[in-house]
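In the two complexes below, chain A is the common chain; its partner is chain B in one and chain C in the other.
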Partner chain A sequence: MTALAGLLAQILNGIQYGLLLFLISSGLTLIFGVMGVINLAHGSLFMIGAYLAYVIASVTGSLWLALPAAILGGVLFGALLERGLFRRFRAREHLDQVLLTFALILLFEEARAALLDNQFHSVPVPAILDFSVPVIGGFAYSAYRLAVLVICLGVAGLMVLFVERTKIGSAIRAAAEKPEMVDLLGIDAGRIHTLVFAAGTALAMLAGALAAPLQSVYPGMGDGFLILSFIVVVIGGLGSIAGAFWSALLIGLIDTLGKAYVPQAAGIAVCALMAVVLLWRPTGLFSRA
Partner chain B sequence: MRPLSRRFMLAGSAAALATPAIAQGAPLKVGLMLPFSGTFAALGENIAAAFELCLQENGGKFGGRAVTLVRLDDESDPAKAPANVNRLLGRDNVDALVGTVHSGVVMALVQAAREKEVPLFIPNAGNVAATRDLCSPSVFRSSFSNWQPAYGMGKALAARGVKKAAWVTWDYAAGRESAEGFRDGLKSGGAELTQILTLPFPETNFQPILAQLPGLGVDAVGSFFAGGGAIQFVKDYAAAGLRDKLPLCGSGFLTEGVLKPQGAAAEGIQTALHYGDGLDNPKNKSFREAFQKMTNRSADVYAVQGYDAGQMLAVGLAGTKGDATAIKALGAAIRAARIDSPRGAFTLSASHNPIQTIWLREARNGENRVIGAAAEALADPGTGCKMA
Partner chain C sequence: MTLTGARGNLMLALGALAVASMPLWATPYHMQLASTALIAAMFALSLQVLVGGVGLVSLAHAGFYGLGAYSVYLLGLPKLGLSVAVTLPAAILLSGGAALAIGALALRTKGFFFLMATLAFGQMLFFLFHDTPLGGGADGVFIQRPPIGITLSRGNRPTVLLLVNLGTLTAMYAALWWLMRTLFGRALLGIKANEHRMAAMGHDVQGLKLAAFTVAGALAGVAGHMAALTDAFVSPELLGWHRSAEALLMVLLGGIGALHGPILGAFALTLVQEAGQMLTERQRLVEGGVILAAVLLLRHGLAGGRGR
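So, the complex of A and B:
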């Protein structure tokens, strides 16, 4: 009985972790799919969102303000980055783009160290959600953790609606899957790029802000997420939102269950899965190619 | 102004080289290599201030010799540690070293102290190696080994009737060393450490570990975390609803200096450390008053360790009439002494680590109140120490 309860609790942990991972990797897969840019700085954007939440929460005392701030700030910051930097690298080789995003990591890290410090900071959970709900077999979940789970599901739903049901959404899908169609239809690819990069940045920063009370904020907090997000993108298929969703859940579950039941192999389990998928379906589980 | 003072200093160091170190007139230089910036800055400041307090109480002299202090910020950066040690020994010509907080940085100090036979006093870093395999006649510790507080915690749990316990920590040296202490402490009372759960440093996704705990069949959970990780772990532990079913305890650092952000989640957590709030002895009382008066801050465990590093150096130099190069006589004097510490008097083991009482504390209203002794006169096993 306790073993089963433990398993169910771990599955819940895995789903919650996977949904957070989806928030980060959905932006990465869009940017990758639409713009063809391997954005190594995506983990830093996650970190920036978390530090933004820390600063806003400690100045105003409210984490709630941090969520819209992360979204708005992310949209503006992302648009600025795309217009100011990435646009100029569009025609360049992948290596140049990778170098650009790597330089951004260093810049963001230095800026963080200069503006704040290198300390570990905890971010308090909003007072209204500062209680726990018993879930399974003597294991409780903090209300905030459940709220994050619901918010991530909501954002995922909105994204699927947006990408599948709206005109701009179909243009984005077209840009990801058949770039030449976008030009044929007379859609401005530049605007789509700005939109996608802004949305991807906002998603990463929102994920960071949501994760701040769950993980604390500290230098390099986005590194682990960056690697996992790349694995999610590769397994899900480049540019596929649905693919990112299901593979994020899969990775979240495997990573969590691995850490719980075979801690020695937890680090390898996720990479092994990626290797298998690459051998079996090189374009990813959900790619339409 | 600058070139002049530099030349003056060069002349000074040349003179220091030329004259025998025993020259009674020359002041003794002590290098304080501590973190004065970054995460551990507050710890470094308290250690340095308490060391200075000890010096003041001795009239500015140790062993009859005037002492000047040279402060150097080690930034808690292991990469810069060897260069920093060289600066103190080579440029500043210090006669004794005090440092440091970070376990990675302290290894450069230990190495230099061993090679150059300069006395080193470690006022915090708890890596067991410094007083085990890497022990040396010139290396002394005024703080603790990572093994000690965890041993005390394990012993106290066993004494309370706990039969099986698990240990949760980051997968790094301090975590592993404290896990061994916990295991040995439990074993001393017939209890068993059944599981060690680790996660990579400094990861804070504790959920996969927390969800396992109810299914482990243990009576208690011990842990080693410090700083921000300790805050998050204690809060997540409470949020997972485990507090009432599985009492959480740990090495004292779990609740040291972080009780305020931990809030209600920390209430009632028992930890073991060589110091705590409300220790009732005259030395502690006078020390806390003097430290408060000097710095306008409350003394903490780090201040105590800095103060005792000063006391140890004072006792050693008193035994050599101010000669810091007479390592053998210095060590003999320190080992023979009873250091009247605010934590309670202690002596030094053969491997130069304090034989001290590990106190059991309980977190109440923002304080780590001492509620008894977890292990009295506890010595680190000093395994592997071969001191000539």
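So, the complex of A and C:
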């Protein structure tokens, strides 16, 4: 029974981790799909969100303020980055994009070290959610983790509604599928780019803020998420929100269960899965091509 | 990418002479620094086969570099005690073999997907040494240098290692200079210029790319092997994608337009990093700034050449 309860907990952890991965990789997939920009610094945005949560939680004593702050800050920061820097790199070669965003990783890490420190920090779970919910037969699960699950699902739902049902959403989909279409339709492509980049940044920072109480906040914490969310994008297919959703859940489960039961093989297993998908469908499982 | 002309090669030869004369005038510390730059140059030069040669940007390259380094650990003194005559060919075979396998998979994809596939495969190699006991653990291990034919002492070590590294880099450069002049090398440059035309002319584009990926990986293994030999230390960090990005930086800094560009880029970056270390604690600020400057301003690299 304890083994079963443990498995159930790990499955829930995997789903919750997968949903966080979805928040990160949905931005990544849209940014590449719409703008054609490879952003290796996307994991650093996650790290910045987590540190923002840490700072706000230790100043105000509450994590709740950090969530809107991460979203608002992310929108502003993302818009600034797109207007100031990424816009110029849209037409550049991959080599330039890779190096530019690698430089941003280094600069963000250095800025973090200069403004704060290089220590590990823990962020307390909000007091209202600091209890366990009994699930079945004496097995209880952290209320905060359940809340993260619900918030992520809510954000995912809102995003799907926005992308599938609104006019701007359909322009984004058009831009992701055929960038030249957007110009033909008379839509301001520049504004779409700023919007997508700002939204992607906000999602990554929100994911960081949500993840802060779940794991320690530490330098380079975005690196693992970066690799995994790129794998999610590759498996899901570029520019596909639905693909990102299902493959994020898959990767979240494999990585979490792998780390729990075969810790030595977890990292390799995820990469091996990607290798299989590339062999079978080189453009991802959910791409239409 | 253009092949370096007679004048360029003469300049390189003069540079090599200057490095070779270091035991006469430089301190052991500076000779070690020069060895670091020579190894970085080998690593970047091996990547140039891909970037300048076929126009492929790979983030798995450090994986092959690290495999070359770990082959010294796996076959060398603490374990099997084999000499360089075995560890170096083993590094070439191991790294080349891994590049062949990974390249065969990753080259099924293009553009963004290729970049991501190489990133993930490179990290897979990283995890292999980081998460399993195969390579002596996540923190790395000190190794004893395998016998290289000359008995190393504290006194002669910097000199011998400097000359060995210089010789290896020279051999690698000469080999690549020759290789890029062969029909194979010309075909690679043709793919970089216009892949579809090369395919239409009946060239096996996929096969050529895979061959280039394998050669580049094997040569990265040589660089990694020399790094392990020189530093007597290996760690999973050697395989991480940050190091691949650093190699790309050296290639871009030196110029993807010329075969010898990465050598200049490697020396320039090593010098900048050393200067940065002396001036400030903030290493990443220096390196990030250099990259930004290189990407924003120095579009053709130190070696010039219209490679883009």
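The rule we apply is simple: the second predicted complex is superposed on the first by the 279 of 289 C-alpha atoms of A that agree within 3 Å, B and C clash if a C-alpha of one lies under 4 Å from a C-alpha of the other, contacts with A are read in each partner's own complex, and residues count from 1 in each chain.
By our rule, a residue touches a chain if its C-beta (ideal position, glycine included) is under 8 Å from a C-beta of that chain, and two chains touch if they have at least 3 such contacts.
No experiment lies behind these values; they were computed from the predicted model shown.
S.K.: After the overlay on chain A, what do you see for chain B versus chain C, clash or fit?
M.R.: Chain B/chain C on chain A - fit side by side.
S.K.: Have a look at where A:V150 lands relative to chain B and chain C in the superposition and call it first, second, both or neither.
M.R.: neither
S.K.: When the two structures are overlaid on chain A, which partner does A:N118 contact: first (chain B), second (chain C), both, or neither?
M.R.: A:N118 contacts chain B only, not chain C.
S.K.: Regarding the shared-chain residue A:A275, is it in contact with chain B (first), chain C (second), both, or neither?
M.R.: second
S.K.: Quick check on the superposed pair: does A:Q215 touch chain B, chain C, both, or neither? Answer first, second, both or neither.
M.R.: In the superposed model, A:Q215 contacts chain B only, not chain C.
S.K.: May I ask you to decide whether A:F139 touches chain B, chain C, both, or neither, giving the answer as first, second, both or neither?
M.R.: First partner only, chain B.
S.K.: Taking C-alpha centres, what angle do chain B and chain C open up at chain A, rounded to the nearest 10 degrees?
M.R.: So the C-alpha centres give an angle of 70 degrees.
S.K.: Looking at the overlay, does A:V234 come into contact with chain B only (first), chain C only (second), both, or neither?
M.R.: second
S.K.: Considering only the touch criterion stated at the top, classify A:P263 as touching first (chain B), second (chain C), both, or neither.
M.R.: The answer is both, since A:P263 touches chain B and chain C.
S.K.: Is A:T283 in contact with chain B, with chain C, with both, or with neither (first, second, both, neither)?
M.R.: A:T283 contacts chain C only, not chain B.
S.K.: Rounded to whole Å, what minimum CA distance do you find between chain B and chain C in the overlaid structures?
M.R.: Minimum over all C-alpha pairs of chain B and chain C: 6 Å.
S.K.: Touching chain B and also chain C: which chain A residues?
M.R.: 263
S.K.: Given the complex with chain A, which residues does chain B contribute to the contact?
M.R.: 38-39, 197-199, 202-205, 207-212, 214-215, 227-229, 231-232, 235-236, 238-242, 245, 261
S.K.: Within their complex, state which residues of chain C touch chain A.
M.R.: Listed in rising order, the residues are 51, 57, 59, 105-106, 108-109, 111-113, 115-117, 119-121, 123-124, 126-128, 130-132, 241-242, 245, 248-249, 251-252, 256, 282, 284-285, 287-289, 291-292, 294-295, 308.
S.K.: Quick one: which bits of chain A touch chain C in the complex? Just the residue numbers, please.
M.R.: Interface residues on chain A, with respect to chain C: 32, 38, 40, 93-96, 98-100, 102-107, 109-110, 113-114, 227, 230-231, 233-234, 238, 263-268, 271-272, 274-275, 278-279, 282-284.
S.K.: Note which residues of chain A are touching chain B in the complex, please.
M.R.: 2-3, 5-6, 9-10, 13, 16-17, 117-122, 124-125, 132, 134, 137-142, 145, 214-216, 218, 224, 256-257, 259-260, 263
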